[in-house]
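To keep things simple, chains are lettered A, B and C as they appear, and every chain counts its residues starting from 1.
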Amino acid sequence: MKNTYLQLAQMVTGALVAVLLAIHITVQQSDVVLGLLGIKVAGPTTWGSMMERAHQGSWVGIYISLLAFGLFHALNGFRNILLETNLSASAMRILTGCIIAFGVIFLILGTYAPIALFSSYR
Amino acid sequence: MITQQHDVIVLGAGLAGLRAAVEIARKNSEADIAVVSKVQLMRAHSVCAEGGTAAVMQPENGDSIELHAWDTVRGADFLCDQDVAMRFVTEIPGEINLLEHWGIPWSRRPDGRINQRPFGGHSFDRATFAADKTGFFEMQTLYDTLQKHANVVRYDECYVHAILIKDNVFRGVIVWNLTSGECFVLRGKALIIATGGACRMYGFTTYSLTATGDGMAMAYRAGLPLKDLEFIQFHPTGLVPSGILITEAARGEGGYLFNSQGERFMEKYAASKMELAPRDIISRAEMTEIENGRGYIEESGLDYVHLDLRHLGADKINERLPLIREVAMRFDFIDPIFTPIPVRPAAHYTMGGIHTDIDGATPVTGIWAAGEAACVSLHGANRLGSNSTAECLVWGKITGQKAAQYVKAQKAYADLPSESVINDAEASIFKRFTSFGAESSYVLKNELLKTMDTKAGVFRTATELEAALKTIRDIKQRLPLVKVMDHGHIYNTDLLNALETDNLIELSEVVVSGALARQESRGAHARRDFKTRDDANWLKHTLAYRTADGPRLEYMPVTITMWNPVERKY
Amino acid sequence: MSSDAVKKITFRVQRFDPEKDRKPHFQEFIVPVKRGTTVLEGLLYIKENLDSSLAFRTSCRMGVCGSCGMLINEYPHLACHTQLEEFHADRLTLKPLPNMPIIKDLVPRLETLFEHHKSVKPYIIRGDNAEMEKPTAGYIQKPHELDEFLQFTYCIKCGLCIAACPTSASDLAFLGPQALGQAYRYCADSRDEGQDQRYQIVEKDHAVWNCHFAAACSEACPKGVDPALAIQLLRKGVAAKALRVKKTTAPALLATSLPQAKPKIDVPEFTVKQK
C-alpha cells in the first residue's frame, strides 16, 4: 500500500504546510498582516525578534517541520505530474530516485541552518 | 497465407459462445481457446435480451421441472424433441446459480433469494431476471469471468467467411481480420458455432444490425443441414417505428395490450392467459386486429396496437422496466408512465438453425453448434419467452464440455485442405463482388427485407411465398454484380455488408422454401391456406441441404418421450 | 406518430483511410432528417446512399452494446442513442473518440480499455472453491446489498468516459474511469472476497490516486454510471485498508434449501409409456 501512504501523507502534509506557512507568514510579516486585520502591533519585525525565535526550540521545530512537509508535498506532487507525461517505467524509476535524493539533500541542508544557529547561541 | 492454430475455435461471442469458452477454460486449463467474433466482445446481440431466463428455482413454492418441460413442449406446438426439453429443464437451474456465483446482479426477493417474474406461456413465475437487462448482465458476467482465464485468445472484429472441412472432419476456418486487414487460416481441432440467428432478413426486427446469420450460412455452404428454418418467431411488442424490443416482461409485470377501440383484445384469442399467452398467438392476434382495422394507423404502413403500462405506476416501471422507459423516451419521445407504447409484431428469433443432436454436435466430426445458430430442437415451432437465454447457457456449457473432451483426446491437428481450396475461400471474400457491376448491396438488401416483411411474415400463403421465393432467386442472381466501392482490406464495412447480404439471401431461400413446403399451421408458422396443425403428415423436422438449385428438403421424426400431441389451447 | 417535416443537416465527418491517407481530413454530407432521426440513422443514410466506404461501428442501435461511441460536436456520445434534434443545429461534426488510436474513419482502437479492465480482476473472487465450481444454491444477497453496486454494473464498455477524462487524455497508462469503476463494482459486491487483491492493483501509480476528479466521466456516461463516485469510494476503501481501520465483513452466505412443495399446477400425465 505504498502509494496510498504517500497519498495520505500528501494530504496531511498539504494541510500542515498550510497551517505552518500561515503561522510563518503572519509572524514574519506581523505588522503588515496583523495590521491588515486591524490588530495593532508594537513595531516592524526586527533582526532581534528573529534571532530570539531562532533560540527557541519550539520555533526551530516549526521551521524544520515546515521545511520537511513542504519538501515532501512539493516533490511528491511534482512526481505525480511527471506520472502523466508517459515516461517509461524505467525512466520514471530513475527520476523518482533523483527526486528522493534532491529531497534528502535539501532536507539536510535546510535542517542544518536552524540547528547550527540554535546551537551556536548555547 | 498465414496460419494460426488453437485447440478450440469458438465462433461468435454472444451468450452461447462466451458460456462455451468459459466452460472449456475452467474445465481444461491446458486447452488453447480462440474466441472469434465479427464484433468486439460484449457487442453481440445477446446484450439486447431483456426479460429473463426461465429456470425452476422455486420448488418450495410449487414449481417443478416437469411443469417447465410441459410448458416448453406445449409452447413449441409439439415440434420439440422431448428428451432435449427434459435435459434443458434439468440443467438450467444449475446455470442460474453458477451465474449467481460469478456475480450477476439477479433481482432479489426481500429475503435475498433470487427473484422470478411471470412470462408468456409459462405456468409458473419462473423467469429469473436482472431488471430488464437480463441478457446484458449475463453477457457481462460471462465476459468478466472469462477475464480470469489465461488460456483464451481473443479475435475481436474478425469475420469468418468459410469453414474448412475434409472427409467430414473439421480442419479450420478462413478469417478476415477487419482491424488489420489480414486474411488467414485459423486451424483448429474443434469448432463451436455460436453466431446467433438470422432475422435481419426482415426489415421490422428486434435484431442488432450485425446479427446476420453468418454462421448458419457458412455452415450451410460447407454442407451442413439447416433444420426447421421456416419457423421464425415474431415478438408481439416491437417498438414502432424502429423495431427495438419492448420486453415481454412489460406484460409479465402486468402490462395490457389495447386495440384502437380501447379493447383488451387478447380476451378473444387466449382468455386464460391474456397478454401472457405464447408469442405466436399474441402476434397473430395483433395482426388480426390490425388487418381488421382495429389498429392505429402509421403512415409508414407500420400500423400498431398499444402496450399500456400506465396502471403499473412509476415505481414499478422504474424498478423493473428501466430500459423500456429509457428506450421509449429516447426513441419515441413518450414516457410509458403517462403514455401507452406503440407496438407491433417484429421478427425476433430463428427457432431453426444448424442441425445438431442433443449434445449440440453437428453431423461433421469436430463441429458443434449452440444457441440461436443451432437447432437442437428445443423450441420446436415456437419458442417460449425466457427460454432462449436459458438455451444459450445450457448448450454453451454442453458443447464446451464436449469440445473440451474431444480436443483432449485429439493429440494432433487434422491436415488442412489443399492450398487451392484455401485460396478459393480467400478469393470468395475479396473477389466475390465486382468493381464494375451495376448493383448496390444496400438496394438488394432492402429489397430482400421488404419481401420478407410482406410475404413471409406472421401469416403466410402459398401465393405470397412463391412470389417471395421468386424475388429471392432474382436477387441471388443479381448479387455477383454488386459493386463494392471500398477496395480496402482494413475495416471495409462496404464489403462486409455485401457478404452479409449474401448470407441473408442464402438463408431466406431456406426459410421460404421450408415454409412453402410445410402445408400446415404450427406454432409460429401460420398458413392462411392450411389453417390447422397436421400431425399425421407434418409432425416432423425439416432439414435443408444446399444444392446449386436451391435447398433440398428432407425430413426427420420428432422425438416424443413424454406427451403425445394434444390440442394447444390457452 | 405523424412524422414532422423533413429538413436537411450537414454532417461534417472526419475521414481517415489507413491504406491511403497520412492524416485525417473532413468530408461533408447532406442528410435529410425528421423528428426522431438519430445520428446513427444519419450515418447509415450516408453509407447506403452517399458514400458506402464510410466506416463506423454499430450493432444494437438501442444503446446497450456500446459500439457506436463517437465525438459529436466535440462531445462523446453513442450515435444510436443521440437524437439529431438535441443539437438544434444545421451542422454536425463527427470525429472518432479521442484518447485512443484511430483504425479508420470513426472507428477507434479500444484494446487499451479492454486490457485495463482485465487488469483489475473484474470477477468474483472467493475462498470456497468447491462451491464456486459446482454450486449447490445461490448466495443470499439482500436488495440493499445489491443497491451497493448495481449502478456500476450498467457499464457497457463504450469508452465514452475515457474519451471525456482529462487524465486519460494525458496519461496513457492511467487505468481510467471504466476499469476503476469496475474494480469498485466487484469490491462492493457482498459475494466477493477479492477486495485486498484489487486494492493492491488500484493503489499503484496511474490509478485511483491519479484521478483529478474532474468527474467528466460521470457526465459523459450514457448509462448513468458514476465512475467518479466509484473512484472516490475506492480511495476511501484503500485508505481505510492502509490505516487498518477497515471493517472486514464475511462474504454472502448460501441460501438454505427449502422443502419441495406440492406442485401448484398439475403437470399432465405422461401419455408416452416410460421405459
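The rule is simple: a contact is a pair of C-beta atoms (placed from the backbone, for glycine too) under 8 Å apart; a residue touches a chain by one contact, two chains touch by 3 or more.
Remember, it's a predicted structure, so these values are computed and weren't measured experimentally.
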item: Pairwise touch network: line, ring, star, complete, or other; value: line
item: Interface with more contacting C-beta pairs, comparing A-C to B-C; value: B-C
item: Rounded Å distance, chain A centre to chain B centre (Cα mean); value: 68
item: Computed distance of Cα centres, chain C from chain A, in Å; value: 44
item: Rounded Å distance, chain B centre to chain C centre (Cα mean); value: 24
item: Of chain A, residues touching chain C in the complex; value: 1-8, 80, 83-86, 92
item: Residues of chain B that touch chain C when the two form their complex; value: 26, 39-45, 47-48, 57, 59-64, 66-67, 69-70, 82, 94, 96-98, 100-103, 105-108, 110-114, 123-124, 133, 136-137, 140, 144-145, 147-148, 154, 179, 181, 208-210, 240-242, 244-245, 296, 298-300, 304, 323, 326-327, 330-333, 342, 440, 442, 484-486, 488-494, 497, 560-564, 566
item: Of chain C, residues touching chain B in the complex; value: 1-3, 17-20, 35-36, 38, 47-49, 51-67, 81, 83, 103-105, 107, 109-110, 114, 117-118, 121-124, 126, 131-133, 135-143, 145-146, 149-150, 153-157, 182, 186, 189, 191-192, 252, 255, 258-265, 267-268, 270-272, 274
item: Contacting residues of chain C [partner chain A, same complex]; value: 167, 170-174, 199-200, 203-207, 209-210, 238-239, 241-243
